[in-house]
Every structure is written in C-alpha cells, then in structure tokens.
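Note that the chains take the letters A, B, C and D in the order they are written out, and that residue 1 is the start of every chain.
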Amino acid sequence: MPVVTVQLFASYADLVGSSMLDVPLAHGDTVGDLLDTIRSLPSASGLPPISRVAVNRAFAGVDTPLSSTDEIAIIPPVAGG
Amino acid sequence: MPVVTVQLFASYADLVGSSMLDVPLAHGDTVGDLLDTIRSLPSASGLPPISRVAVNRAFAGVDTPLSSTDEIAIIPPVAGG
Amino acid sequence: MRRSAIVDRPIDAASLMAEVSGAECGAVSLFVGTVRDTNDGRSVDAIDYTAYTVMAEAELERILDEAEERFGVKSLVVEHRIGALAIGDASVAIAAAHAHREPALDSVRYVIDEIKKRVPIWKMEHYSDGTREWVDPAGVRAEADVSG
Amino acid sequence: MRRSAIVDRPIDAASLMAEVSGAECGAVSLFVGTVRDTNDGRSVDAIDYTAYTVMAEAELERILDEAEERFGVKSLVVEHRIGALAIGDASVAIAAAHAHREPALDSVRYVIDEIKKRVPIWKMEHYSDGTREWVDPAGVRAEADVSG
C-alpha cells in the first residue's frame, strides 16, 4: 500500500513529536478516509480531533480524493494576525 | 433692535462677498426666525437655502432661542475629510 | 492618548500611529485621506481647505467622545489639515489603537464618516482648466464667484 | 500595486502605505497587528510565529483576489511576519488605497478577518511565568508538550 507523508505544524507537530507523519493510503481514499487512518495510528494518538486538511496548499473537504503525489497537511486551529 | 453678527464661510462668504453678515434680532427670536430674517436681507439674496446653523460652536435646531451674545454661524455643506 | 487638532502644516501619519500605540494594544488602525488628482472626472491641480476652526475642533472632540463611548477606544488621534494642499498631500489622518482589532477598525471608520457629515471644513478645488469651485459632496456644486 | 508576503524580518508599515498610495487614490487605510503584553489576563514576554509558508502565501493571494473582486481595490499589500517577535513588534500589516474611503476601509477589514480564519499561521506565547503555549483563538488551548 502506498504511503503519503502528511505535514504537521505547531501544536500537532509537538503532540506527535515530528513534523511529518507517514500514513498508508489506499487507492481511491478521500480526505475523510485519510483522517480515519490517522486516528488509528498509535503515533498520532495524541492529536485532538482534526478539523482541517490542506491538499496541495488549499483547504480540502472530506470528500476530496487523494493521490500519493498530493501535498497533504493537517492544519491546527490557526492563530495568525 | 439688537443686531447679531453671523459668520459666513466658504461658498456662503463668496456669495455674500463678506465673512460676516449683520442680522437684526428681536427678543425671543429663534434660529428659525433668524433664518427668515436672513432670507429677507438684500445682502444675503445670493445665498441658497440654508440647511445648518451653529450656535456657540455646535449645530442648533430651528427652535433654539438666540441671544445677542451668542456666536452664530451659518454652515454651508461640509466637505472635510 | 486622545487628541484632535486642526493643523496648517503637513500631517505625519507615522507619528499619529506612534502616539496611539502601546504595549497593551494589539491592533492599530490608520486612515489617511489624501488629495486626489481627479474628482467627478475633472482634473484637479490643488485644493484649499478652510474651516470654522474653533467649531471644527469642538466637533472633532465630540466625535472622539462618541467613538470612545461606542467602541471603548481610548487611544484615538485625529488631525485635519487646512490651507493649500497639493496632490497626494494628506488632508486628514485618524489613528486608533485597542487590545482587539474590531474597536480599532470601527472607531477609525466612525470618525472619518462623522467628519464627512458634520465637521465644518470646506474645500475649493482648483482644476487644470483654470477654474475653481467649492465642493459640495451632496452633488450640488456652488459655483464660486471668485473664479478667474 | 498588489502584493502579499510571509516575511521573517520586521514589517515597515510606512513602506506598505507608500506602496499602495498614488495620485488617483484619495483614501489609504492601514491595519497593523502587534504583539501585546497580555493575553487572556496572562503576562506575555514574546511570541514565536510559525507558518505553513507556501500555503500561507497561497491563501493570502486568494484573500487579496477576493478583496479585489468584492471591493474593487487594486492597491492592496499585506505582509505577515514569522519568527521570534517581541512585545510591540508588528506581526501583520495590511494597506489598501482607493479613490474612495469605503473600499479602502472594507478591504483592510476583510483581509485581516480572513487571515484570522484561514491563513495557516500559528503562534506560541511565552509567558512571564516561564511557561509557553500554542494559542488557539477558539479558546481551547493546546498545552504544548515542549514547555520548560
């Protein structure tokens, strides 16, 4: 099964202890499937419920299909400004 | 009859040809009475309908009573900013 | 810091920003009105601003009172310039600071909106064709009998 | 002039104002967000800002697109700083210019409001008591496991 590297930032990176998380991705998986998989990973057990995912540098809904070449990040509550 | 000196500015001063207008004031006259008197003055015949009057450096309604010691001005449409 | 003034020298917007800023304020908002090179499609060379100065100062103070009352903003400075202004010159600047952004933004907007409605200041525009006119923002222009 | 950037050096708000200003613009609006010395009643010494920089830049561009579309403002510049900031440092500055004041004021407010909602930037506050925390504006603080 292919693996995608999901980028982590700020509190999420601290909670996981890394700025990257390797996540197995099945053919046809969507953002929602990816989040389910992340929840099942022991290395990600410290993460709170994830509210937002970015695919290729834009926010993406749970139905967005993923490919192994996508740039994927999970986005903690933002605090810019 | 006492006379009050009414201050004129900008277009009003240009239209009258002076920055002051002497206006007779009867005892008990209000702002509305003053405006009626101004309308009757030949020297003020060039003025458009006056929308706003200031008494003692604040806008005053037509029912405001006047005394001869008040600082009175008629205010052309403002264009600050 | 709360201050309002009618001035007859250039306005230094950066200095107004510095006046209102403080370690307890996370948001600073600034508005600057400048002389445009066109108005209603006519080419403008310069503007003379004139004021009923003592009343304009009193009215500005009342507007700052209202802004503080409505938005809780205590750090609020406004200057309006009078005299002969060239294209690009600042005619008015308003700076506000607050712990949070909404009061800072709201108070600046309130002050400029109220200035436009009620502060006794007038401007004569000098056009490129040699004419000049008192500006009536309501749209009814009073043709100045001093043109020439 | 339209430009957005994530920067890791001090923000010069006056230079942003100069960038957007022009003879055809009668109104310039500026918002500056700065580091406050207190937040939620806690004394703050400094803030580290971090970003998903490539996405933050893309999101800022989308926000400027939307502001231009909504308000017709073409002169719009925004910079957000990342890295270690001290009390009083500007973290974000937005400048807009337009012929008229409403679009200039509206677009600045739109940009800062949208930044707060959707630009992937985070801040860790360092408190005077030696602790530090990632700030969650929704109110649920994520206690940083790097405190010490």
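To be clear about the criterion, a residue touches a chain if its C-beta (ideal position, glycine included) is under 8 Å from a C-beta of that chain, and two chains touch if they have at least 3 such contacts.
Keep in mind the model is a prediction, meaning the values are calculated, not measured.
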TODO: Farthest from chain C by Cα centre, which chain is it? Let me know.
DONE: A
TODO: Let me have the rounded angstrom distance from the C-alpha centre of chain A over to the C-alpha centre of chain C, please.
DONE: 50
Task: Rounded Å distance, chain B centre to chain C centre (Cα mean) - done: 25
Open item on the list: Could you pull out the residues of chain D that touch at least 2 other chains?
Closed with: 33, 101, 112
- [ ] Please set out, as single numbers or ranges, the residues of chain A touching at least two other chains.
- [x] 81
Task: Chains touching one another, given as label pairs in label order - done: A-D, B-C, C-D
TODO: Quick one: which bits of chain D touch chain C in the complex? Just the residue numbers, please.
DONE: 13-14, 17, 21, 23-38, 87-88, 99, 101, 104-105, 108-109, 112
Open item on the list: For a test of understanding, state which residues of chain A touch chain D in their complex under the given definition.
Closed with: 7, 9-11, 14-15, 48, 54, 57-59, 73, 75-81
- [ ] Sort out for me which residues of chain C touch chain B in the complex.
- [x] 33, 49-52, 54-56, 58-59, 62, 80, 91-92, 112, 115-124, 134-138, 140, 142, 144-146
